[in-house]
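Below are two complexes that have subunit A in common, paired first with subunit B and then with subunit C.
Right after this comes the complex of A and B.
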């Protein structure tokens, strides 16, 4: 590690300077070339409106446009959204924050030559927000505030909301909201896009060989003039992490967008030195531990609070970040978002965040004793995935042991794991996680709501539901922030209904000749590939064909 | 002979039916289903309504007996259905991967035969010499080394060696092109897994060849041939080898069948889009229709290859008759 550290520092510094260089050279990026991407997951279907896997986003997103998107030149910001298919800046809400009027670009064409109008955008969002009976939409719940979508003319789209909502704009910017052609939907039906592609994205579809690769070629009519820079891209399916890693090392792939663990980064930097650029970011995914409130003694808040008090997040961050894709301690909101609770406030107000770990653990033991659960024994359910589940799970076991608890770990493959969590409820405490695309704090924290479809702690709390209702209707960040704090305190401290471990940390090492791409706080974001270019001379000097 | 062939063909049906029952039941013993994974496998919000809709669409809520009937009737009518994960035809999913698995199986078998037969014969002919000890060590090492581990070593070795020699690390291609499209790409991708698995399987065949040859070389007719003054090479190659091949053919046949569907780990290591990798994906994604079809395919291949091996016995040893 000591030998790698200087090289790594050079590579990360290289990344920092590369950004500077990108800025400086932004006026003259190079055109041409093919980008080889390795993707670690499979494509269930091409329809963004029903899928939720990066296995679909990475190869398919470049074929489509969105109404608005994260700023590709500033994707690290969780609040910077820009127009994609609309013109100007992202609209502010009018009529008390209940009306959003988007002006749609003219001259945009689908890959089949059909011109895009506001009717296409409306038809696409109608499919997401109000799908016909029998048609699935995985993000319908994010648009509960939408009252109507109208098109006063071919260049205007209006969303009317039932009430002001801080979740609306981020929800519109979600990378799954592909814009489809109304003609395709009307002619071929609402399931046509599961197996067919016709978008307005930077690349048009060439071929997909199941389990092997997806290929796209440059769309010469792309609406962001001068882009994309690449002639084509190939998304290569490679489920094994070691293959993806060696593919970058051996020049078979240029980049992988999901992220590697620290050890893989170190190995690549050690092997290739300055031929590798490393970009790193906090990640909008977090591992939780969910006690099953329907199983004794986890119906007792004292026991649940003892669980969180036993965990030393600060030292966990220090050590686990060397071996796993986790790093930053935080509350229920992505730590880099302006609405996230600062660590000083978490330490002061939330059980388990104090720097005085010994005192926290003493309090945990005291609470267990009061609950009649000294030396509590239970089973921790974990998912059979190394990064970061098994590593964090094993660490949690050690943390709880230090507070006198005796914990066994049961690791299940993904399918039976989710069956236990969702259907059978046959667990004491389980690992769980919250992983989102666009950072949308108010929508993201719905995970902790008792009525949420993906809250597996099995409890009810009217106060929490009422707080969330208020939060949904709060129109400005000034109104939202205190409500969010109260909601967080209720979840993590008063009820201790679930406990937050560490937020994930995204590490993207890629070949240094890949320019223009900037890391975002999610592996679902900044995947249109329209800002990426290849430095041909540098690529040649690295001996990559 | 024809009666034997017809009997063997008829035995295929109960074998396939038995396998169908076992795989159907085993798959449904695993808790969870493809819809839960599809819509919530990455931890985001999973709409229960949508999961229910998916389960309805894929008929996962039908009574098990109805599901079994649909499954069997699909096979009888050659309609294998659609993959529950991709909604593509199962036949299409298998067809795009089968050529790669077949090519690997053929190449690995060739590697295995090319290594095993000469080494086994030499080892037997030179019993208890240094050559024999060397061959035995090589074959025992092959048995001890899993082919996927050897695959990892090969990839890392290629990366390290090419970087050391040329300054540019090289690894085999990670996506498949048919040999008639791009022979160089195809062979540079597939030769390594063929070597890794071929070497592994050659070890068993080498030991089998050696022990069969040792038996045959002690037969009376070999002694007679020697007494007649035939040279040793003719005795070994012309008279002994063919008779020693019966158990070797069995081993190679079974290995070939295994290679057609069993390279689950090696295909992952080399990122080969073959039947083995599809097997792993279909099981992890609880894709019942695809897994069931793959199991039936492998069972069918095993039965057919065993049948062909039996027929080959008769060709190798004219004394064997199936009447």
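Right after this comes the complex of A and C.
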């Protein structure tokens, strides 16, 4: 069967990447201009410490700084962190990995003119790590290992940990840990930042028109000298994907940071040719299927293992990546992280990863027969969101059907979907996901822990809990990796408590005159906008005002 | 004594009409209605014999053939994807054929139950009058204040998706619509002497309603019933298109449209075109047939015809 369209698309994409790479290398950054971003979600509040949505991060993050952040020039690396508010390189732990001393920059000012000191950083992390009673903090659990935060002087901040932990530095680098002014917290209280903005970021707040846009202008006192390049940015609210797509196509917007499906990318490339640059990356989000262990026959590990054995991840990756925002098969750790299990090991040790799909499915049928569940019938609960939930869900139904199972699907909008997962427990097998910002393998895999609040498989396993306790206290990657492997094998193979489908794949097409931005493995990362610049001549040549 | 005699002529019985005569008469008098009936017959045939007609399993994914154009040959079996394939490589024709079954199942079930319950409530409302009539009609007013699709959306949002829920969601808004129309006919019936006579001889309310009133409001009932089928098919397709109706992997036209309209309208137009054509034809067919039924059953229109 001859199909020219995909080959053409690949050729155009290749040319686009090459063109983009050459242009980025050849040109020097220019100052000026306004960047129009389209954002597909609402802003629940401005407070990063209590929010988890990209709808807040994309328009609000440029107003704030972090203590440390992913390297904006190398955001693809899941282990490359650099100082933002601190000076020098990211500190390594002393005293057996239990003490981290950060030197804070001098001369940094909040947008209202207040100078920043270590007391502001401490006050901000106190709010995240130990918020006062009645004040929410979404990432408190990531800092369980922190014993104390102290400020020996105005330029020094010290974190003392209860035990060495490989999760600490990535947790500090999370993009939600905005640095607030202590004065604001003391004067206005801990909820003031939900509706007000005063940061030290590359841009200062101009206006927020509900349902329309957020506007920011260049901060002339920004602590990274020479940046930002842009005069301003406008984050335009556009909940519908087709609107965001058309906004970029028509030149109303320059970039969208969350990502488009493959078909939308192909359409944009076809319509705009070299006026569009496409950046792609594996995404630190994975789609799971969680059997409800409290519902028969999913209390039987044979049945659960049959579910994972039936799934052909290799061909799924090949074909689904053409229609959905998923691509890479992997285990429970982000596949591009050094601690992720290589595919060869997954194939050898974990049920459902073998290349011999026919044998796996035969094994699945055998297990179902042994469990007295030949021709198993059940209902799959899915979330009413197309990308990638409903597409991957439909694919999963087909995979299970090929192993003799008969599966119906119930799709619920987000609120009733979560009600089923969290309160009612009225499902057989449900779609689930693990989506994180900074790649922090040990923190990320807590999702699979029976005691985790967001594990909806409803089971208990003392061995898994004990493995995770050991993992939390392991200080070095050498100690962590074997524990992580054992934990993964327990989850995916021995218990088959949940099954991993495919990791998400991020596709960011943007106007090719937008320079300097590099894709990261999460839509939450590299959003300070301080390294982005606009090639004015190229923009003019594209006829965009 | 005078006697009367039969005329000395051979008595000739009129020629008995065959089914073909009836069809020809129908074609001549109601050509559009006949076209509608033909569409319904084809749909019914496809739905009933889907297993025998469909060339492929409608739910079987063949990713090697994803978004193949019409006429592509499946290399292993030699079968042809006459209508092309969707983004999962599933045969569009087979899904269309099975989709007819879903459309008819939802259409007929929702219409029948909606119209039947409306019939009973409408006649009862007219027969009892007074407070019963007042309460029932105000309840009808509340339900009829919402457009069909809005009411159906609200119901599936509360009770969930799936074929059964879609049937319930479409049935409920039909009830007051039918009840209101039937009530107006029943109000006139109620005043006729034979109903008074039935009361005077002590017949029960149920007997009077079911035996003496319901049969006499069958004309508006049948007209509503046929009109409802087209509406139900369209509503099911709309709900499925919005992701609130029938769910994958069930073959349903609205669902097929949802999976293809936005994304593949340009690059693989066969994905949205076929289900779009099917929905249009089905609704058109039922509307034409419904109009013909109305023309036949409505005395005023019949005289004009």
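Assume the second predicted complex is superposed on the first by the 518 of 545 C-alpha atoms of A that agree within 3 Å, B and C clash if a C-alpha of one lies under 4 Å from a C-alpha of the other, contacts with A are read in each partner's own complex, and residues count from 1 in each chain.
Methods note: a contact is a pair of C-beta atoms (placed from the backbone, for glycine too) under 8 Å apart; a residue touches a chain by one contact, two chains touch by 3 or more.
These numbers come from a predicted model, not from an experiment.
Undergrad: Here subunit A is shared; do subunit B and subunit C fit on it together or clash?
TA: fit
Undergrad: If you tally the residues of subunit A touched by each partner, is the higher count for subunit B or for subunit C?
TA: Tallying touched residues of subunit A, the top partner is B.
Undergrad: Answer with first, second, both or neither: which of subunit B and subunit C does A:486 touch in the superposed model?
TA: Neither: A:486 stays clear of subunit B and subunit C.
Undergrad: On the chain A superposition, what angle, as a multiple of 10 degrees, is formed at subunit A by the C-alpha centres of subunit B and subunit C?
TA: With subunit A as the vertex, the angle is 40 degrees.
Undergrad: Quick one: classify A:393 as touching subunit B (first), subunit C (second), both or neither.
TA: After superposing on A, A:393 lies in contact with subunit C but is clear of subunit B.
Undergrad: Could you say whether A:409 touches subunit B, subunit C, both of them, or neither, answering first, second, both or neither?
TA: Only subunit C; A:409 stays clear of subunit B.
Undergrad: For A:295, is the partner it touches subunit B (first), subunit C (second), both, or none of the two (neither)?
TA: It touches nothing on subunit B or subunit C.
Undergrad: Using the touch definition from the top, say if A:401 reaches subunit B (first), subunit C (second), both or neither.
TA: The second partner, subunit C, only.
Undergrad: Pick one for A:154: touches subunit B only (first), subunit C only (second), both, or neither.
TA: neither
Undergrad: Just subunit B (first), just subunit C (second), both, or neither: which does A:119 touch?
TA: A:119 contacts neither subunit B nor subunit C.
Undergrad: With the two complexes superposed on chain A, say which partner A:263 touches: subunit B (first), subunit C (second), both, or neither.
TA: second
Undergrad: Which of the two partners, first being subunit B and second being subunit C, lies in contact with A:319: first, second, both, or neither?
TA: In the superposition, A:319 contacts subunit C only.
Undergrad: So if I take every C-alpha atom in subunit B and every one in subunit C after superposing, what is the smallest distance between them in Å?
TA: 5
Undergrad: Taking the two structures together, which residues of subunit A meet both subunit B and subunit C?
TA: 242, 413, 416
Undergrad: In the complex formed with subunit A, which residues of subunit C make contact?
TA: Checking each residue of subunit C against subunit A gives 59-61, 63, 65-66, 68, 72, 75, 87-89, 157, 160-162, 243-244, 247-249, 262-264, 266-267.
Undergrad: Would you mind writing out the residues of subunit A in touch with subunit B in their complex?
TA: It is residues 38, 42-45, 50-54, 134, 136-138, 140-141, 194-195, 209-213, 234, 236-240, 242-243, 246-247, 249-253, 271-272, 285, 413-420, 422-424, 432-436, 446-447, 452-454, 542-544 of subunit A that touch subunit B.
Undergrad: Once bound in the complex, which stretches of subunit A touch subunit C?
TA: Residue positions touching the partner: 1, 5, 242, 261, 263-264, 266-267, 315, 318-319, 322-323, 382, 384, 386, 390-391, 393-395, 397-398, 401, 408-413, 416.
Undergrad: Sort out for me which residues of subunit B touch subunit A in the complex.
TA: Where subunit B meets subunit A, its residues are 30-33, 36-48, 50, 53-54, 85-88, 92-93, 96-97, 152, 155-156, 158-159, 163, 166-171, 173-176, 268-271, 273, 277-278, 281, 284-286.
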